[in-house]
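Just below sit the structures, each encoded as structure tokens.
The two complexes that follow have chain A in common; it is paired with chain B in the first and with chain C in the second.
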Partner chain A sequence: MKFRAKIVDGACLNHFTRISNMIAKLAKTCTLRISPDKLNFILCDKLANGGVSMWCELEQENFFSEFQMEGFSAENNEIYLELTSENLSRALKTAQNARALKIKLTNKHFPCLTVSVELFSMSNSSRIATHDIPIKVIPRKLWKDLQEPMVPDPDVSIYLPVLKTMKSVVEKMKNISSHLVIEANLDGELNLKIETELVCVTTHFKDLGNPPLASESTSQDRNPEHMAEVHIDIRKLLQFLAGQQVNPTKALCNIVTNKMVHFDLLHEDVSLQYFIPALS
Partner chain B sequence: MKCLVTGGNVKVLGKAVHSLSRIGDELYLDPLEDGLSLRTVNSSRSAYACFLFAPLFFQHYQAATPGQDLLRCKILMKSFLSVFRSLAMLEKTVEKCCISLNGQSSRLVVQLHCKFGVRKTHNLSFQDCESLQAIFDPASCPHMLRAPARVLGEAVLPFPPALAEVTLGVGRGHRVILRSYHEEEADSTVKAMVTEVCLGEEDFQQLQAQEGVAITFCLKEFRGLLSFAESANLNLSIHFDAPGRPAIFTIKDSLLDGHFVLATLSETDSYSQDLGSLERHRPVPQLQAHSTPHPDDFASDDIDSYMIAMETTIGNEGSRVLPSISLSPGPQPPQSPGPHSEEEDEAEPSTVPGTPPPKKFRSLFFGSILAPVGSPQGPSPVLAEDSEGEG
Partner chain C sequence: MNENEHDTTLNLKCKLGMKSILPIFRCLNSLERNIEKCKIFTRSDKCKVVIQFFYRHGIKRTHNICFQESQPLQVIFDKNVCTNTLMIQPRLLADAIVLFTSSQEEVTLAVTPLNFCLKSSNEESMDLSNAVYSEMFVGSDDFDFFQIGMDTEITFCFKELKGILTFSEATHAPISIYFDFPGKPLALSIDDMLVEANFILATLADEPSRASSPQSLCLSQKQKRSDLIKKKAGKNATGQTLECISRKAAPRRIYPKETLTNISALENCGDPGMKRANGDISEVSESSVSNTEEVPGSLCLRKFSCMFFGAVSSDQQEHFNHPFDSLARASDSEEDMNNGSFSLS
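And then the complex of A and B:
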């Protein structure tokens, strides 16, 4: 298995760094899937992750000026690596004002993803910072658990309000209750509700707009004002919101009543899907 | 002793105290004729730091009231630091700082004269003490490098703030390499990320070291001096020798100089050979697993038996004498390089070949501690001259 890639464009580097920072906030450990056209950051819905899953996808040619990979085999031309997300974001942080960034799969005393940053320096000599990120290669037989999650037909699909606002609301709510209800309807209304013995707090977001529905039948049956709701763990929602440092280009929320909430975001050209299951 | 610091120098003094606080818990204040010396040492004696402020640094400097002996004292670092804790406040509001110590009072008085007529007086209790002197000599180190602190500050940026130790070495083409150092863990299921920064020879004002030399020292302690040097825009020199020998970090300008002496990890000879591989980006292979006790575990180490108490406290606080050692009554060796380097050489038995010394930070000051534990002791080394009274 081989992998080597290079970024020379400053804007691409910054964007890649931002994505990596976001992943580091969303998942402590994640899987990096390398394929000829794409890079994916994956978190699968194991018990260890609390049932949360994440699928982040980017087109490699939007970032890398050079990209070469050789996967597990010709038929399975992919590489799955497990790494600590913070290591990657920390390594990329060095590259803020770099001339070039190279990433390679290497096998120094243990398998690593080596991130090599060529920095600008006052003198003519080059200054290079290298980070060897320890990785675990994921065996072929476990790949099936790491595929793109199926998105079930949602009951309601709605555009999200400004995430920063949502985050500050949820942050305050977290002090009152450990779980929250997220509900929305086809009339552009989204509510965040918490309820305890002493107090109920609801925040209403209006006029959000709904994307055109995929399935015609659902839209005909449904009363547009009827709310689809799901109870979720508030910390999981907060973790998701905390990861969004920049407001996304597009942000959508799909609710499957009492099953899960699915967030579908687009950060410029990078898509992020995040699934939070309903509390049982 | 009485001295007055004014203007921007108050912040410089404050920064120096912050730097020293990264090393030790007690601050030794020693007013000398050459200037005011502030010194500290860490609890495991593996790091020593000293700032000397020349008389010109002060608006007014009086080492001792005429006719009286020079007084010296040690105070809790925490107490002294609290006076200078907020550097921003020092810069914005403090106009003058007056430090005085007189024989009669039992307090070190630090008075900050601030804007709007506000005067803050701190009365700090102190203990009399002997002079804290480390035996070291930059000139005796075969290797040195010097660069603007800014260059070293930038070089150290890629390392995580929590990183304890770093290896500094010279690789092929005289490139200077800094690499994060992680102790080999028995249960190494989660490996740590290894970061390496490579600088060209041109970044250094002076580089006098052979390819392949390397030392490993505590980054956290080094950062203390580095941040001071960066803020004062000074050049920083690093003088070093073989692994295990202390490394000396110095800064200097017309009004002050600073020395940080840090212990380095001692390694087997194979370590320095492997440095050739640094350029090929292979991490230095882990040495055979030796126990690497945390420097603070020094207390129970046999090596402590070679140590001589650095200071005794008057009034019997209980001198820090460890059992089986020969006590030197308050060592106060003059800082002349000659005799000390000789003493160190004599006292230093050669390492038994084939016996890798355990990877530990050696206690610095009593220099000659390269003999593996348990080797037959030579004549007990005299590591400090008998004090001949106060200077």
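And then the complex of A and C:
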């Protein structure tokens, strides 16, 4: 298995660094899937993650000036690696004003993802920093657990408000309760509710807008003001919101009543899907 | 300026708690704007250092800080005879080390006559399978002075280096680095107009089993950490110095079985567990122990650093009441010598 890639454009490098920072905030350990056209950061819905799953996808040609990979085999031309997300984001942080960034799969003592940064320096001699990030190669038989999650038919699909606002609201709510109810309707209304013995707090967001639903029939049957709700763990929602440092290009939320909430974000050209299951 | 009731200047060696001093000088901006004069003097009768700020409109603020007498120690280390000498702007080096993850305790410096490389310590990254191994090359062109006598790789405490660089960025002078083979101390030196500071760090010896420059530093075997102060070699330029400076003997290479340089140290601001030798001893033969711990398998690096400040002002002062301060030896060294063996790992 081989992998070599290079980024020379400053904007692409910064964008890639931001994505990596976001992943580091969303998942401590994640899977990196390398295929000929894409890179994916994957978190599968194991119990260890609390049932949360994440699927982040980016088109490699939007970032890398050079990209070569050779997967497990010709039929399965993919590479699945497990790494500690923070290691990658920290290594990329050093590449802030770099001339070039190279990433490749190496095997020094143990399998590594080597990130090599060529920095500008005051004099002619260039400054090179190398980071060997230890990784685990995921065997072929476990790949089936790491596929793109099925997006179920949502009961309600709604555009999200400004994430920073949502985050500050949820942050305050976290002090009061550990459960939170997200509910939304097809009239552009979204509510965040918490309830304890002593107090109920609801934050209402209005005029958010709804994306066109997949199936027209369901939208006609349902009363647009009817709320679809799901109870979730507030910390998982907060972790998701905290990972969004930059306001996304597009952000929408799909609610499947009492099952799960699915967030679908687009950061310029990188898509992020995040699934939080309902509390049982 | 040291005064006592007899109004003669004494050479006072004492130590003050950092927690006491720092809050006094905390708000630099407001200090610069409002204070007309600052006076620092000692009241040895009360064991206090008095810091007085004179503000406008006759307002005066006085701080009294208790000090503790300290027995000075000697450091035997001559940076000028080191094989490898580098000089670089601290900012450049700080940029290089920022990439290292903060969890690392040690960092390795590898030099060749053409190259300078900082990298994660091998010993550490081997142990933790999750650790990122990093390397950073700095071209020799970035250095103000780059003289490497031999290819060397030394490992020392990362935290100390970070602290030293943070400190040195406050001055505008380049930082000089002097070092030799692994096990021999590394000296970082800043020479500004107002301040000269020398930091001496221990380096990890190559093979813990062999004695690595046992002469390099007098060190108690028991202590994990000691801070020693190196006296600045006679700076004739200007000096109403706060601390004494004198070099009584010519500097010698630090090798076993040779006599030491007589450098009286200033102050011991470290480990209270450090045992001090009594009496004047002007020569030390095989005394100090290796920097590495003898605990098998332990990666614990005995770290110590040493810092000297000489304030520079117009009057020259060279009053020394005790030119030869007691030489600190490794507390067990005499026993070691008697037993005919060094206790080393």
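We adopt the following convention: the second predicted complex is superposed on the first by the 280 of 280 C-alpha atoms of A that agree within 3 Å, B and C clash if a C-alpha of one lies under 4 Å from a C-alpha of the other, contacts with A are read in each partner's own complex, and residues count from 1 in each chain.
Following the convention adopted for this analysis, a residue touches a chain if its C-beta (ideal position, glycine included) is under 8 Å from a C-beta of that chain, and two chains touch if they have at least 3 such contacts.
What you are looking at is a predicted structure, and each value in this text was computed from that prediction instead of being measured.
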Joint occupancy of chain A by chain B and chain C, clash or fit: clash
Contacts of A:F110 with chain B and chain C, given as first, second, both or neither: both
Contacts of A:L142 with chain B and chain C, given as first, second, both or neither: neither
Which of chain B and chain C A:L266 touches, first, second, both or neither: neither
Partner chain in contact with A:P134 - chain B first, chain C second, else both or neither: both
Touching both chain C and chain B, counted on chain A across the two superposed complexes: 84, 87, 90-91, 94, 108-110, 112, 121-134
For the chain A and chain C complex, residues of the former touching the latter: 84, 87, 90-91, 93-94, 108-110, 112, 121-134
Contacting residues of chain C [partner chain A, same complex]: 92, 96, 98-99, 101, 126, 129-142
Of all residues in chain B, those that touch chain A in their complex: 151, 154-155, 157-158, 160, 190-203, 281-283, 285-286
Chain B-touching residues of chain A, taken from the complex the two chains share: 84, 87, 90-91, 94, 106, 108-110, 112, 114, 117, 119, 121-134
